[in-house]
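To keep things simple, chains are lettered A, B and C as they appear, and every chain counts its residues starting from 1.
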């Protein structure tokens, strides 16, 4: 009844270019710090069950077939052909791809051609800063190059994202750090770091967030542990009215709090996706919770998928089914009208993302 | 199956006396710091959809009709007649009205006559203290007048409420501040403030809460951001056994935590209302969560409505429907007996509020 | 459709050996700091309603009969016979019994014979330390005896548990305290305490947890107030890879956060039980939330029951019914296959506990 013919995945990564064995595949289903516990497997998770539900039919197998059989069929088809079938079967029409993760992953261009879709790049701020540091000899040149580099990236990127240090850096203070503070932190970091070393200094991370805010491109911030009100509320207040949108990624289990913030601040948006991929058969229940407090113009679908095209499929299929079930249920009860439900489905699936990221209609 | 013939709205505000245009009406549907985001509207929220579901029929229109049509009909009837139809159609038989908000709002007397109901006043402590400060020249006279004023208000008011500083003031310490501490804070506040200036000093707010506790009237405390266990638990422990009831308002999304506290402390009660008005089609789901840990004698319905009689309607209708659906479902499953469900519905809708606030049977 | 023929209750207490009047029985239904509020009763809670649903039939009465009638029948049968009928009607086949609570409670042996089941002891660390302190004259002898005593207990106990100080002691630091720090804290505690005095010093509690970790037996930790990520995450990280499993007890309303931690750390497990006993008709909804992020091999059933065999019954019956309803629903929707659902039901009901605690197949 409720259709989402067009689907913008507003936050995902590329897929691996190499053939995968059972163990490597399984590792991508876990979220953890380490292997599965002895006697357990990451296939025994909502994500594992959802992959086994949605993906085998796209490769010509029965839903819920055993993992080993699925992996054998995947190898038989080859990584390219199975990736092609999976991505094209996902229903996603536009991918926004965070290119900041290591590994042999496809970029936006390859995602577009493999998936027969549009694709755009999301630039990860930490990685950009580390690349600038690798080629800047002094604090002065680093700071000048950094600002220039962010502004150059803004011309091509559809958004910026920051992951590692959001919670740590914003918990200290929401305002931009002063020039002296930034120079001091920068000097200490450059003196200590090896080429390729990761940026973790909270002052520099905060400086970086504020450069990105100045660029006007939407800024995606990965929610840290705990209630985002605690560390994100101050930043939202400090950036209100500046014209740059903030998108909170990955809020679960604080997705209701994230939705609340999207209702309070005009420039704050909430992401829907990974909560759905990770919760599988519970996707409709989690989606319904997010739909409590957030204005319907402030929610954005994403898969959050990384490495396996199966995760793009699962994200998209769970979302479509969950949205249809939740909104359809409200229409059946008389709580919503059908035209309203169809309009909201279109907004959350694609329309809001098109407006926020300035994408043309698919 | 489950009926709630009598409904005590244990926390609400009056309604605006002026005609409203589309923009002003819409602004009352938002919860935010600012206007709706560009390209969005506060009508696209659960509250907006719930207003369009429940209110048009009370003014002779189809449910879910477009906002502009609804507003035109509202103006056609006039603010008095539409308010009369809405409030009388809400099913609320008693209003407890917090009169502490600014604006051209109806008081308890007008709510009673317009809504053909009973109404009582809830006195907002901050406002009382500001009025006392406006007319007290010295610290000594302020402190004496404040205590007298709270006790005088207790004779007529059905409850006290405190909103602005609950979290900030109780987070520091739950106990009453010492006399020297109060005098110091008071002196600084009086010296700095202009006539009409708001009370925000955490020491004075805490002093005020403890004066209210001494009055014996139920004290309604607006939940702040975050888990109430953190800032409210200590105050609940410090006030246990003193004979004054505490009512936690507006707990969402920490409503389960608020219900938990109502189960742990004999004198703590939890409010149901605004979670329902704000979550609309999800009201039954949120209500069911509140009904997990709270003893059924510790929950109180409210609408939390402010400004628009539509919000009183939505609060009451969502509550009645949600309660019927949740309790009725448990009866159907065999988890509850029908007489138990009917008895609990009566408690939560009206009986608990009558007992806690000492109201006569409607 | 989904059966759980075997049920391991991985955390409970014994039952009272004395006849109970209405008031004493009611007191065991509350969770609070004090009696029920005036005009209310702890029978008007989800736990009270669940007891009235599940237990009267086991004593030959109608479900939902009035409390007084149930208590009269219970006295008529006698505490032994009613306990026998209740425990044997619960469906629990193995009890893991925390023997660390005061009161005239049955131990594991009596639970086994009364319930026609297996039973094993869980040793409460605080109590063990207090017993050692009662018989140790000096700091040196206490510290030596403590380590010896924990290791001796590990030979017979199926697990250790710590309740009182988990949050307070781990919030300070996750690592084991240094020897000087322990000696200092120990000296202060021994000097102050009376025979039988409770252990509350956070340094000693932390020392005790680390001795237990070294024993290799699973360690059950009672969740404190608030998000366990805050105080438990660091301890989970510090104990990763040491070969000792940690089981988080009683996470509600932070059960999703507990499930999340069980997904992140290979050696962390999450408990299901008391959330179900306390939430009654909502047990299926709460269980479904726990099943979102936790790998299915990391969840363990328990009743958390204490004092009343009715609570063992309610825990087991609610769990079985909730699990059947949740997993059965997913099978009906096509989200899970039936064999997968049956396998997961067996893991959560008994298989995971057998593996973690090294129990033989029932």
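Quick notes on this structure:
Just so we're on the same page, a residue touches a chain if its C-beta (ideal position, glycine included) is under 8 Å from a C-beta of that chain, and two chains touch if they have at least 3 such contacts.
Just so we're on the same page, UniProt names per chain: A, B, C = Amidohydrolase family protein.
These figures come from a predicted structure and were not determined experimentally.
Bringing subunit A (Amidohydrolase family protein) onto subunit B (Amidohydrolase family protein) by least-squares fit of CA atoms involves turning it by 120°, to the nearest 5. At the interface between subunit B (Amidohydrolase family protein) and subunit C (Amidohydrolase family protein), under half of the residue numbers appear on both sides, which makes the contact a different-residue one. Averaged C-alpha coordinates put the centre of subunit B (Amidohydrolase family protein) at 38 Å from the centre of subunit C (Amidohydrolase family protein). Contact with two or more other chains is made by residues 227 of subunit A (Amidohydrolase family protein).
Looking at the complex, you find that subunit C (Amidohydrolase family protein) touches subunit B (Amidohydrolase family protein) at residues 30-37, 39-42, 44-46, 49-50, 52-53, 63-64, 225-227, 252-253, 278-282, 285-286.
Interface of subunit C (Amidohydrolase family protein) with subunit A (Amidohydrolase family protein) (complex): residues 227, 229-230, 233, 237, 240-241, 256-257, 260, 263-267, 288-289, 291-293, 295-298, 330, 333-337, 340, 344, 347, 355.
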